[in-house]
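In the part that follows, the structures are each spelled out as structure tokens.
Below are two complexes that have chain A in common, paired first with chain B and then with chain C.
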Partner chain A sequence: MATFKSAAELTEANRNALRGLLVALADTKLFLGFHYGEWTFGTPALEASIAACSMSQDEFGHLRLLHACLTTQFNMSPQDLLERRDFATFANVPVLDQPLHSWSDFVAVNLLTDGAMTVLLSALQRSAFEPVANFVDKMVAEEKHHVRNAQGWFRSLATANEQTQTALADSCRRVLTATLEWLGPDEQEIANILAGAGILNTPWSQVQQKFLDWVGPLAEEHRLGIGLEKQNGHWLSRRALDFSAWNPMTRRCVATQPDEKLLYHLRGSKNAIFKLGEA
Partner chain B sequence: MSAQNIYEVFARKNHEEQLQHVGSVNAPNDELAKVYAWTAYDEESWIEMCVVPRQRIVPVLNPEARPIGGN
Partner chain C sequence: MSRVESMTPPCPPQGGNFEEGIEKNETVHCPFCGSSNTLKEAAFGTTHAYSQFYCRACRTPFEWIKWEEREAHSDLPSFLQS
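Moving on, here comes the complex of A and B:
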């Protein structure tokens, strides 16, 4: 398999497809980092606060790597990616558009949304696009702690009282639907192009199936209905999403966008006058 | 909710060093104890880290005393 040292060596179709996927990954990590950071306070245990804060740092570290790649390879600066950008173009998983109101929402996002990103990052390991292959192993290694945290809390809440189990199941169903919306249809041009060039190491349908086959047994182990069912040895969503209006650039079925107040905080707008090097 | 257990955390920075006690964490299960140990005591570049449920430690001296400091 041929490898590519820079975006200049890619075809235009490969370049556009990879840029779209990296922007969507970066946007999702931006909001994961924000929400994890918000949950530095108010967790059910002090150690959980430390873990949330640590995961936030990891996500912002990954965001820096992705932004650096987008800057050097695709000429998109962090300012373009975060500040000089229409809200409607953000391609994060839609459930991150709003604050995570409850601890069960946090656990569901940690397990399902962050988990889906980890499966996708695994599909980028040994990528034919060398600038991505160079940093993705570090991300996957750090994400293993996020997965452990999510599984540990999922098991704790799933074996607690009925009220807690119900809250967890409700959060998981909502987050799963949003995460599957972001993952998109089985067949999508962007993913086919990337898998064909060896930039993704596996077809997109297998990325999705690997994610569902990891989550399904965990929910089944605790008899928690999160909207999945097993068919012919594999796990599938009970709810068929309508992808007819799915936008591959925003990875959304409908034109939703992040909450304005949330982006105001993320952009540091309140402290805009203190930004160095800006008029 | 699962009961919280105390886990003692041990780590070392290189193979020549012995494992040393670096602290403790409260966690409801082994899985979260591993995460909490890693995130709470990540100030060094450890090559090995492990957690031990405090209740599994068998004291040799002063059995009535708590086995190791912390919490």
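Moving on, here comes the complex of A and C:
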């Protein structure tokens, strides 16, 4: 399989597909970092606060790597990606548009949304696009700790009292639906193009199946109904999502967008006059 | 080392006989020389997640992530085990 040292070596279709996927990944990591950071305080245990803070730093680190790649390869500056964008163009997982209101929301996002991003990152390992292959192994190594943290808390809440189990199941169902919406349909042009060029190491349907075949048994182990069922040895969503209006650029089925106040806070708009290196 | 390694797993692995994050029959190996001739000096290190150890073989202090030995080889989904 041919390898590509820069975006200039890609076909236009490959370039557009990869740029779209990296922007969506970066947007999701931006919001994950923000929400993890917000949960540095208010967790049920001091250790969980440390973990949330650490994971936030990891996500922002990954965001910087992705933004650096988008800048050098696709001529998109961090200012373009953060400051000069219409709210409606953000391609993060929709459940991150709003604050995470409860600890069960946090755990569900940590397990399902962050976990789905990790499955995707693992599909970018050994990518034919060298600028991505160069940094993705480090991301995956760090994400292993996010997975451990998520699985640990998921098991803790899933074996707690009934009220806790119910809250966790409710959060997981909502977060899973939003995450599957972001992952999109089995067959999608962007993913097919990227897999065909060796930029993704596996077809998109297998990316999704790896994700479901990981979280399905975890939920089953604790008899927690999160909206998945096993068929012919594989896990599937009980409710088929309608992707007829799915937008591959925003990875959303409906035209939702991040909360205005949240994005204002996240961008640092209030402190814009203090930004360094800008006129 | 990743910053997130400073976190503590939310609960000890199930089913073991644990004392301060270490299974009683578990051996902690020195990350520098590999010796099992190690001594736990403190239950906590720079964060709650760590214990402080001393290697009697190479005379080096080191920090150890609680339950690391057990977690390092299990509990990760297959796509992360390569």
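Observations on the model:
The rule is simple: the second predicted complex is superposed on the first by the 279 of 279 C-alpha atoms of A that agree within 3 Å, B and C clash if a C-alpha of one lies under 4 Å from a C-alpha of the other, contacts with A are read in each partner's own complex, and residues count from 1 in each chain.
Following the convention adopted for this analysis, a contact is a pair of C-beta atoms (placed from the backbone, for glycine too) under 8 Å apart; a residue touches a chain by one contact, two chains touch by 3 or more.
None of these values were measured; they are calculated from a predicted model.
In the superposition on chain A, A:Ala160 makes contact with chain B only, not with chain C. Shared-chain residue A:Gln151: touches chain B and chain C both.
Taking chain A as the reference, the larger set of touched residues comes from C, when chain B and chain C are compared. In the superposition on chain A, contact is made by A:Ile50 with both chain B and chain C. Of the two partner chains placed by the overlay, neither chain B nor chain C lies in contact with A:Ala272.
Chain A residues in contact with chain B (one complex) as well as with chain C (other complex) are 45-48, 50-51, 54-55, 145, 148-149, 151-153, 155-156.
Of all the residues in chain B, the ones that touch chain A in their complex are 1-2, 4, 25-29, 31-32, 34-36, 38-40, 42.
Residues of chain C touching chain A in their complex: 2-11, 47-49, 71, 75-80. Against chain B, in their complex, chain A makes its touches with residues 44-48, 50-51, 53-55, 145, 148-149, 151-153, 155-157, 159-161, 164. For chain A in complex with chain C, the touching residues are 45-48, 50-51, 54-55, 57-58, 118-119, 122, 140-149, 151-153, 155-156, 210, 214.
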